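Look at the two complexes coming up: chain A is in both, with chain B in one and chain C in the other.
So, the complex of A and B:
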């Protein structure tokens, strides 16, 4: 029974992915197969969660006396995340129907998306570190090709960078797995318990941590995300860096930090520092970006900071907050990328200074994107607020006032950054360079955004439902609280439902006063422009159509130029804080340069190396 | 009873009345500073009533729904914050809606609502105002957050009631070195939060013609003015709550509360009448380079117990 269930969740998307590749290129066939397979996996995953703790073992791999059982375990947190992972793949495949139509390499795109789902489910459900690592590597490889589907030079740069950073950290994890295997002779996630006391165990933990951080995109291993964002197709961004990679990275972080390793205070501080620095530095970079997808990718990094902070506190409120924020982030950030995709589809650009005034033409995208933006900025009563609030409770409980200030201020900067985004895309005047007739996106692109927006509101207004019914049970606490109950974890108190009701009552009181007292009429007039005629359009003589636009990209010019921050921004733009540049240098001097020296192109040199190799093999084989 | 507290006293209705009376008080001080007589006590009310009878002009460039809805959202959150602070003053031992973090986030919403509304008006001059308001917002929030959480850390609680209780036992937060520095920083931040001179940069009448509220008129402007009046009541009340032990409505406490409130509004009013407007980059430098280190100092001092 359990065996059947586990294998279905992995095999269905895997086979469907293969079908997408091999079936003839008939119109719509791969789209429909991909959607049905993802939706069916989503349906199957629902059956898994109520079962709670289930296990299944398929076969045992014997590597020179070392036994590796290929075993799965329905750990409650895993089962919960499988539901969300399949949900995201389903809606993003649906979104891609229209978005990707007419692009090249579609069969590869759908096949790899489904394989990504299969591999992600494999990571989430594996009970053995070795197989978890294999699925993890498959994900890295798939990500490499998916980014490459962008097909331009930027995409190629993104592929390379992602592969170098993720490959490096995957190697770290491999080393970690080998160390654990050597020392403990056991790789089972459910039975390993390693107290972090000496250097070896600290190193092991840090190796795993590097893999989790790079996947989730925390600093200093973040830089693949912004580079990938410049070239990769938008749905790929919504699928991987925005949602699945966050779920997996933070899942691994949670498992190693809460289950496998018993952390000490020092390592908690490491987590808090990583989290706090990530929140503030990434949001600072996001504020000055002018390209929508790159801006969103910096926010995707910044938000990881909250999750790491939450888990780093080590108290229930913080951990629940971190995990809740991970789910919320996946919801609103994939929504934001999908909205960016809608803008890209219609306006044919995502440069913020080339778009404007789209609210009138794309009202649906405007409303959903506003909801996502308010969620990520943590405006009550949306979902981002509830989870950030829990993280703050954890920080207060553990007396981390400094990181609390950093996190709260980071949230204010996030809001500032999204005001800029909304203002530049949707308000103001439509610039001349945009296509003449802009309409809203087709229904298959609306449904995913609509579902995500509804989830944002539902998880915000009834925040107790996800916290008490999904996350706390997944961590092994049993609760029995109604969904309108206030959140009471740690030392705080937040009644999301009551706050929402009171805000609505407040709006009604405002409207009531307005309705009773208003006697003046409403009239549409020309806007005020210092008493001059408002310049709607310009004479062809001046050739300066945009001179009275105030594009949103102008908003934070002052910040960049402010004396105290000028140098930091200049260094950041030159890549001084990008670990990739240093890693790249290291790789260059360690591997590429010697390789170059060896590849002389002289046949006799190659042959002599071959002979030396054969002799070496013979000696090893023949000596007893 | 709770519903009555939220809706009438000390909640929604009470807050509106006190807010409009405070507007009169502020205008009276302004008048006296300028050697004038000043308006009668009901001036705030009749101003609002007058605005409601005026025509409401909507610019042709506006995104109408957003433009009309924004003032109501801002008004409603200002109302909610006022009610939360009032109710917490009455029953410090209980929380009904949320703690100090909820309050801080809710206090952001009125600014955001105005920014949204002014962006929706489609007027580039208004958008200059929005960008300034947003930059101002980023600058004053940093020192304000530091002060707020160093106080929360001192009392080791996040509930508004808990902070009031702590002060009733240990004496008001203001009466210590860290408290005085913190209070000054918080007061200047409050001045900026209220958008009063020297921080009326987003409105700047002489320069960008009232900037963010440029396109608002008639009944929509009336709602905005009501919101500003509510904030003029709420923010001093917030300062009293975190520095002076909150609204104490028993015996002599009422008198003390009224005196504290009047003094704080008096200081705010005097500052606004005796200072020229700063430029936005000057304001950002003031908050990030001068007040933030001061706030940090206050936080450290309160940590070591001074």
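So, the complex of A and C:
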């Protein structure tokens, strides 16, 4: 029974993916197969979750003296995340129907998306670190090709960087798995318990941590995400860096930090530092981006910081907050990328400077994107607030005041940067460069956004439901609390439903006041532009008022010019903070170039190497 | 069975001459006959898998007096590796070598090289090892310079000089061993040396063997011929050189001599390990810096051969299984990658990756094959390369060699980096305008690439089966606990 269920969840998308690849290129056939397979997996995952703790083992591989059972376990957290993973793949495949229509390599796109789902389910469900590693590496390879589908030279840069960084951390994890296997002779996630006490166990933990961080996109292993965002197809971004990679990376982080390794204070501090720095630095970079997808990708990094902070606190409120934020983030960030895709589809650009005034033409996209933006910015009553609030609770409880301030400040900056996004895309006048006739996206692209937006509201207004019904049970606590009950974890108290009611009342009163006081006559003044006088050349006094555009990106340019930040931003743009560049540069100049210079092609040099080699071996062997 | 084993040497050797004669009148004969002979040796080597050890006595003279051929599980595996790639490369050449003027001569040299390699892995005699090694080497010098352009002749000349020096060292080694033991039969030498132990003369001879075989295998610092010879040769020849020649002449001979002939000495294993680790690192790092697609593959060979020697040097059964498995895998995917590079070179007229881009849009079969080969050699599961590298890494840690183990993991990452570079610059991105009209390779070339690509996956998934049927027996034939297994097989006691 359980065997059947586990194998179906993996095999259905895998086989459907192969079908997409090999079936003749008849219109719609791969789209429909992909959607049905993903939806069926989604359906299957619902059957798995209520079973709770189930196990199944298929065969045992004997490799190098290790007995490696190909075993699966329906750990509650795993089963929960399988539901979400299947859900995201399903809606993104649906979205791709019209978004990707007419693009090259569609059979590869759908096949690899489904294989990604199969491999992700494999990672989530496998009970053996070795097979987890195998699925993990398969995901890396699939991501490489999915980014490459962008077909341009930016995609090429992105795919290379992603594979190199993730390949590096995969190698780290491989080393970790081998070390654990040799030392403990056991690779089962359910029984392995390693106290982190000495150097070896710390190194093992850090090796796994690197893999989790790179996948989730925490600093300093984040830099593949913004580069990939420049070239990859938008649904790929919504699928992997925005949702699945977060689920998997944080899942691994949670399993190693909470189950397998018993962390000490030092490593918790490491997590907090990683989390805090990621929140602030990435949101800072997001502020100054002018390209929507790249901006979103920096937020995808920044938000990981909250999850790492939450898990780093090590207390229930923080951990629950971190995991809740992981799910919320996957929801609103894939929603944001899908909205970006809708804008891209209609406006044919995602440069914030070149779009504007789209609210009138794409009202649906405007509303859903606003909901996602408010969610990510942590505005109550949306879901982002609830999970961030829990993370703050965890930080308060463990007296991490510095990181608390950082986290709250980061949230404020997130809001600031999303105001820019919304203002640039949707308000103001439509610039001339855009296509003449812009309509909202077709229904198959609306449904995914709609579902995600509904989830954002539902998980926000009834925050107790996901926390008490999904996440706490997934961590092994059983609870029995109604969904309108307030969140009471840690020291604080937050009733999401009451907050919602109050907010609605507040808005209503505001509207009332507006309606009453609007009766007076209006005064026309010279426009101010983000607190500064509008540049004269654009002044409405010299031009027709209708011809003036207020680019939403303008104000944020001043952020780049602020004193200390100026140098930092300049360095960041040059890639000074990108480990990938350092690694490449150091490797090239220290090793590769000198060695290339040594290979002159002169035969006598090569001969002398041989002679030196023979003599050296002779000396080694013959000296007693 | 005995005749089948002999046939793998005799058939290509005879056909090499036959082709030269018959093609005076009938040009197509070269194509047909080379394919037939390639097919025959492939079938023969598959049939020989799993057979009991065979000793073929030339003219009925018993060893140690007569010349003998010895077929033990390691030789069976090597025969399979050589003839498997040999056959597919022959098929590929049918179409690829149309580019060059004299196809019959190519096939004659090619079959001569095959005969030499099959001889090397079958012979039970040190002097014949040298003879067959020279046959294979001389044929390969000719094949590297087959294009007779300046670059190719220069590479061939360098290869000739360095290769001849290696052969001379090996011949000196054989002479010294003969003067000490009075025999050139491997088993007989082994019996003698077990009695007397390694004296200084034997050690000296062993160092000469080590240096000679290391040059044939292109271990750093004896590697310098390879990065010139492999890119210059026609693609099928590069595939054979990287895929099997360095292994038959270098890896196999080294393993045979240092495990079965000269009593296993830890100091030699240590030296081999150091050479292997250095080759892994140097080859990998240099590959990153290359823009010539075939030169990158050539440096990659040096790096991967380093892995094989690392596994070999551990002296444990697991290490040997890893090394032999990696040898088998490397022959398939490096052969495949060189064939792909040939297909790309033929389509675009260039080997410089900076001029490529987006070829996956125009050459789907070649790009899929290239990607599979690259993923396999980078060690991405479930492809074959992942398993063999993993076994070598585990074997390192099991044997207590922590630092080589960590370096092996690090080089796995380096391998990923340069194969990412190869794939992204060649297959992905924007298609340059001047390549807008490139065409996919003809059927013969594509089919050879597809089959090798499928093998990359099949070898990975089939590891448990392979391990019990081929790899473990081959490892055991090198490393039996008593040290008498090989001798008993040959001398019968």
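The criterion applied here is as follows: the second predicted complex is superposed on the first by the 543 of 624 C-alpha atoms of A that agree within 3 Å, B and C clash if a C-alpha of one lies under 4 Å from a C-alpha of the other, contacts with A are read in each partner's own complex, and residues count from 1 in each chain.
Quick note on the criterion: a residue touches a chain if its C-beta (ideal position, glycine included) is under 8 Å from a C-beta of that chain, and two chains touch if they have at least 3 such contacts.
What you see is a predicted model; the values in this text were computed from it and never measured.
A.B. asks: Go through the superposed model and pick first if A:517 touches only chain B, second if only chain C, both, or neither.
C.D. replies: In the superposed model, A:517 contacts chain B only, not chain C.
A.B. asks: Is A:372 contacted by the first partner chain B, the second partner chain C, both or neither?
C.D. replies: neither
A.B. asks: Classify the contacts of A:88 with the two partner chains as first (chain B alone), second (chain C alone), both, or neither.
C.D. replies: neither
A.B. asks: Going by the contact rule set out at the top, does A:588 touch chain B (first), chain C (second), both, or neither?
C.D. replies: Only chain C; A:588 stays clear of chain B.
A.B. asks: Would you mind checking which one, chain B or chain C, touches more residues on chain A?
C.D. replies: Looking at chain B versus chain C, the one contacting more residues of chain A is B.
A.B. asks: With the two complexes superposed on chain A, say which partner A:171 touches: chain B (first), chain C (second), both, or neither.
C.D. replies: second
A.B. asks: A:99 contacts which: chain B (first), chain C (second), both, neither?
C.D. replies: In the superposition, A:99 touches no partner, neither chain B nor chain C.
A.B. asks: So, does A:251 touch the first partner chain B, the second partner chain C, both, or neither?
C.D. replies: Neither: A:251 stays clear of chain B and chain C.
A.B. asks: Could you say whether A:498 touches chain B, chain C, both of them, or neither, answering first, second, both or neither?
C.D. replies: first
A.B. asks: Check the residue A:596 against both partner chains and state whether it touches chain B (first), chain C (second), both, or neither.
C.D. replies: second
A.B. asks: Quick check on the complex: what are the chain B residues that touch chain A?
C.D. replies: Answer in residue numbers: 6-7, 12, 48-49, 52-63, 66, 71-73, 75-77, 79-80, 83, 95-99, 101-102, 104-106, 108-109, 112, 115-116, 119-125, 127-128, 130-131, 134-135, 137-138, 141-142, 145-146, 149-150, 152-153, 156-159, 209, 214-215, 218-219, 222-223, 226, 280-281, 284-285, 288-289, 299, 303.
A.B. asks: Which residues of chain A touch chain B in their complex?
C.D. replies: 357, 359-360, 378-380, 385, 389, 392-393, 396, 399, 401, 404-405, 408-409, 412-413, 415-416, 419-420, 422-423, 426-429, 491-495, 498-499, 502-507, 509-511, 513-514, 517-530, 534, 548-550, 552, 554-556, 558-559, 561-564
A.B. asks: Spell out the part of chain C that touches chain A in their complex, as residue ranges.
C.D. replies: Checking each residue of chain C against chain A gives 157-158, 161-162, 165, 169, 200, 203-204, 206-208, 210-211, 214-215, 221-222, 224-225, 227-228, 267-268, 271, 282, 285-286, 288-289, 318, 322, 357-358, 360-361, 371, 375, 378, 380-382, 386-387, 390-391, 393-395, 397-398, 405-406, 409-410, 412-413, 416-417, 420-421, 424-425, 427-430, 463-464.
A.B. asks: Show which residues of chain A lie in contact with chain C when the two form their complex.
C.D. replies: Result: residues 61-66, 104-105, 134, 137-138, 140-141, 144-145, 148, 151-153, 155-157, 159-160, 163-164, 167-168, 171, 174-175, 178-179, 181-182, 587-588, 591-593, 595-596, 599, 601, 603, 605-607, 609-610, 612-614, 617-618, 620-622 of chain A touch chain C.
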